[in-house]
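Shared chain: chain A. Partners: chain B in the first complex, chain C in the second.
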Partner chain A sequence: MTSSAPTHRPDDDAIASQADPSRPNASAASIRSTRGRPSQLRRLWIHGGGRAGLVLLLAIAVAILIGPLLTGEPNTTNLADKLVGPSVSHPLGTDQFGRDQLARIAEGGRRSIGAAIVVLIGITAVGVTIGVIAGVSGRLVDTLLMRAVDVMLSLPSLVLALAVVGILGPGSRNLVLALIVSSWAYYARLSRSCVVTVMKRGDVLAARLAGVARWRVIISHVLPTVLAQIRIVASLDLGGVIVSLAGLSYLGLGTQPPDAEWGTMLAESRLFFTAAPWLLVAPALATIVVVTATNLLGEALRDTAAESSTTITRRRGFLWRSLT
Partner chain B sequence: MAQLDLAPDHSPVLRIEDLHVTYPGGAWAVRGIDLDIRADEMVAIIGESGCGKTTVARSVLGMLGPRVGTSGSITVSGHRVLAHLGERDRPKASERDLRRLRGRGIGYVAQDPYSACNPLHCVRRHVEEAWRAHRMRPKRHEVYDSLERIGIANAPDAAEQYPHEWSGGMLQRATIAAANAHAPPLLVADEPTTALDSAVASTVLGNLRSSGAAVLLISHSLSLVAGHADRVAVCYAGRVVEEGATAEILDAPRHPYSAALLAATPRRGHGLPQPLPGQPPHPSEKAPGCAFASRCREATEECRNTTPQLRDGVACFHR
Partner chain C sequence: MIVDDQPEGPAGRVGTSSARHARRGGGLPGFVARRLLQALAAGIGASVVVWALLPLAPGDPAERVLRSRGVAEPTQEEIQATRAALGLDRPLIEQYGSWLGRAVRGDFSESYQTRKPVFGEIADRLPATLLLAVTATLLAIAVAVPAALIAAAFHGRWPDGLLRGFSLLGAGVPAFLLGLLVLYLVVLRLGLGQVLADGKLSQVWLPAAVLAFARAAEWSRLLRAGLLDALSSGYAAVATARGAGRARVLVVHALPNASIPFLTAVGVGFGALVGGAPIIETVFSWPGVGNYVVTAINSRDMPVIQTFTALAAIVYVTSSVVVDVAVAALHPPSRQRT
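Right after this comes the complex of A and B.
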């Protein structure tokens, strides 16, 4: 290739003024300053709902991580202090075995949120893998996989999860597995539709015409776009998964006593509702707060995914407007 | 194609023989095109929308899709992209062969540089990808050098920016740098200047020209073709109706369609452009005769009944 002299064209002026050091105000810093969009975290912080969600989730994370250090063992029984109401020594009271309710809420939070995250990672891994295979494969594989997805979507996921736990037996691990088995189909369908769209994009065509291998095109062009979509859906689903886990644990299919989990704690507390209502309020309230926070964060992620910073700025007061 | 041998010889870099392309649904996009491009030569295919220009480019790249019917032969630097039926000794390239040929044997420059670049990747990464596609890991300064050679000022800083931060002309030059990363003997440029103004378009074509590769240029713009291409093939309804040196065709077109196409283009000293009346035939139409006959003032009964073959650079009974 022979070299050609650098030239300036009228439509290149904007960029050239930044890129050419001979021009006034041109520097690497000025180029970096034109990068435009603020970071994802910054955009979430500007978004009112996103900020509320972040603060709530941060508070919950601190509570469930540091809480057990301050409150002691969640499974330590003390029958002398059973069903004691909220006090300085037990801020959320104690249960029928004298176990500290705050310690159990923190421990239960770790289990509930941790399990929900594992479920979402599992659903994403299975769903995206199947969706990408369907999207990039030929018509036969695509049809077979998508009809399998149709079958899965036609089954009520909660009933399917109940059936799977019924086969595998109760327990938190089996419950996580059951929720993955019953919920991956929607992610597979979403991924597949996203892959089909992305594969028709000009940059994918250009990459293939440059000789880029199909797997490399999938990794560098297709997956980032698919995962950006999935990330938003997953963040919106986090609350739902927590509720599903709590619900199935409430039915006795998840974490087994004496281990603490919000659904299990709700199930245990219903027997003492009149004598010790705080036992019911604390795990229910914790579930509501976490679900609200994840929903706010998910909606903020969705809103900020394609918006400019100006539009996001106009959304200040979003939370207040939503609540009022 | 165990080893991609692109050693230069005296045969054309690109040879298209009797290419026919039929899309699903019966659209007959290309109806027997023959074209040779020699090393260092820029050949432009011009014609109206739907005349089969882009289909020819995609055929050369082997990107027509499994449901598209093809016949004829396409050879790039001795490697078969498409083979005549029955040529068992030299069958057409497999998908793996095509992948090896793309980038190293054939470079591709897209019409819209913004859509050809992943918006999530910086320009450097886009150019780098052309190397990485063939298991090469270029050093950053090699990428910057390739951009500077093609006229990008302050490449180390500019290349770290994202496509939306570049102008169309600069980005198109970057895609040319990417297409030329392995110095392929053939570049296919599918209307690379459509999204650019005329001054920038001329620079971009100059960059293509200076790449040292043979260039198959698909274009609408006669003025740009006049300034850069060595030869022109005028395409109408899937056939080449006139082929020859650019200056000869643009100065004295012999086929009535070439003359009408030129008359429809604003040119100094030629008065107002004269629009070409009528519509080209639908691609699914299989009537005999010259496809241009319904729009041609000189058409005779022979034109309507017999398809004229390309002889001495023109496919017309009256020349």
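Right after this comes the complex of A and C.
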């Protein structure tokens, strides 16, 4: 957790401090020192939070992927069995149309987590592309792109996301697009500052002096480093994206009925609060468990990777809490 | 958060940064002017994003207007008439220009649905949102400051652990879920409060408490980190050496210095809340701006969405400018914060 280090500066989100010109070979040294260390997975396992996150996520993945085989169709209605509490045939009860809640939770989980991953891939693709272009280009392109990034960053992400969904219309595809549009800028800034650091590194300078083509330097030296950093940030953001998707779906802006999604299920449950509280409890708990698991895993990834990386200092997810 | 990334502070009187600032030619007025320009750029940027997406919106714009006014099957003549009346047949850039021209003079267009000026509709709902934002912010401060002070005073012992647990919970439970659970447990089970809020002071507590929860967790962690930082610094040791008690060192010496990032976070958080808390407002049926916008989105009321986006962006950025200037005035060393 960020607060565990007393000397931690509260605003160390700023990544500018990572460039350390006095130690141009720092990263080379740290690459050497990673030899013989336990693998990333092993380090995650040793890290308490990482182990908990891994186990939880694995359990969730199994439940979501294998569960539907046992529970049947999420959209099969059976009005004779509507609003029945948890029982042997319906472990999580049924909703107002007699649909099995367990099947819908599993279906919703696949949809939520799948959409969150698509969002993160989208943000990474757009952000890294723009960040790398800005980082390796001349001053004019760099300034123009970064001014655009500044404007995007100064806008509240929730307002932007609402605007995009508002214009394009509610729906899960548009919601994914909205989250990408509203949050790529941070990844662009992060990638750019990472590129600027990498370009001064010894191996990159050597490659450039040896006459290696520019695009080749970018692909084989710059991109891997940038992606390694972005991967950590993205894993920290996963929980936040899931929450954002669920929250905006709750407003009716995402997945549309009859399709199951946790936020949509929560919105529907509101009408049956008193008659069928299990309709509220199951998707709520599912969301909390998944978000906690991804947070634990993300922080563990950050902590275990911190030894070999200088760019990401202790940092919580960026998208985190941006949409409450 | 976002504002922390802004590279420059205002003119530094202190040490190393003065040369840099002299080169940049920035004084406090220059800083304010630059940040205000940024606020304007953000508002325009937001409106550009919204307008650039308009062609991607499904369906014919004039038909959309008629449908959102409740005309189920608009005839070709009606569509033509609406198109001409609203100028929807002109090029997009021209429409944007005239919208921007009127918006600068404070004239935002009319809602498709109600045909009333959007600005008035938003202004009508602003008091409820402001009430919620102020209450939530004050509640969060009232919890965060004592919590951080206690955690810093008992660093590494159980009160500190308690705060850590609290902040983990604050991060792990999304606000809208907390809102739903509160609605179920407090309102329906215990019979306190109302399911449908009317936007009055007597009902603000539940939504405000839910909004305050996550913020209190975040802000207390921020303040605690700042306090521990300050306590480990030289002046804290000097104060202790000169005989100041632990409480005095903590409150009189450490707190003012530690409160700068805290104040920034509070100001920016408040600015975001003034733009509306759509999710919590919807959960509690709070008649505020956020709730209104969600309704507008679901009925595809474009002028409302466009106006809200531009206004919320300007309010948010302006509030972060105000915070930056206030912090710079209060705390000279922060002017050189990079």
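Just so it is clear, the second predicted complex is superposed on the first by the 270 of 324 C-alpha atoms of A that agree within 3 Å, B and C clash if a C-alpha of one lies under 4 Å from a C-alpha of the other, contacts with A are read in each partner's own complex, and residues count from 1 in each chain.
The working rule: a contact is a pair of C-beta atoms (placed from the backbone, for glycine too) under 8 Å apart; a residue touches a chain by one contact, two chains touch by 3 or more.
Quantities reported herein were computed from a predicted structural model and do not represent experimental measurements.
Colleague: Touch check for A:V212: first (chain B), second (chain C), both, or neither?
Modeller: Only chain B is touched by A:V212; chain C is not.
Colleague: Regarding the shared-chain residue A:P156, is it in contact with chain B (first), chain C (second), both, or neither?
Modeller: second
Colleague: What is the contact status of A:R201 with respect to chain B (first) and chain C (second): first, second, both, or neither?
Modeller: first
Colleague: Counting only touches as set out at the top, which of chain B and chain C does A:V126 meet: first, second, both, neither?
Modeller: So A:V126 meets neither chain B nor chain C here.
Colleague: Let me test your reading of the model: by the given contact rule, A:P224 touches which partner, first (chain B), second (chain C), both or neither?
Modeller: In the superposition, A:P224 contacts chain B only.
Colleague: Is the number of chain A residues in contact higher for chain B or for chain C?
Modeller: So, of the two partners, C touches more residues of chain A.
Colleague: Which of the two partners, first being chain B and second being chain C, lies in contact with A:L83: first, second, both, or neither?
Modeller: neither
Colleague: Where on chain A do chain B and chain C both make contact?
Modeller: 1-3, 6-11, 14, 16
Colleague: Which residues, counting only chain A, touch chain B once they are in their complex?
Modeller: Residues of chain A touching chain B: 1-12, 14-16, 18-21, 26, 28, 31, 34-36, 201-203, 205-213, 216, 220-221, 224-225.
Colleague: Can you check the complex and tell me which residues of chain A touch chain C?
Modeller: 1-3, 6-11, 13-14, 16, 148, 150-156, 158-160, 162-170, 181, 189, 243, 246-248, 250-253, 266, 270, 273-274, 277, 280, 284, 287-288, 291-292, 295, 316, 320-324
Colleague: Where on chain C does chain A make contact in their complex?
Modeller: Interface residues on chain C, with respect to chain A: 1-5, 7, 38-39, 41-42, 45-46, 49-50, 53-54, 56-58, 155, 164, 167-168, 171-177, 180-181, 183-184, 188, 211, 214, 218, 221-222, 224-226, 228-229, 232, 261-262, 272, 275, 277-280, 282-283, 293-294, 296-298, 300, 302, 305-306, 308-309, 312-313, 316-317, 320, 337-338.
Colleague: Which of the residues in chain B come into contact with chain A in the complex?
Modeller: Per the stated touch rule, the residues are 61, 63, 99-104, 106-108, 110, 112, 115-121, 129-130, 132-134, 148-154, 157-158, 160-162, 164-170, 175, 178-181, 183, 196-197, 199-200, 203, 206-207, 210-212.
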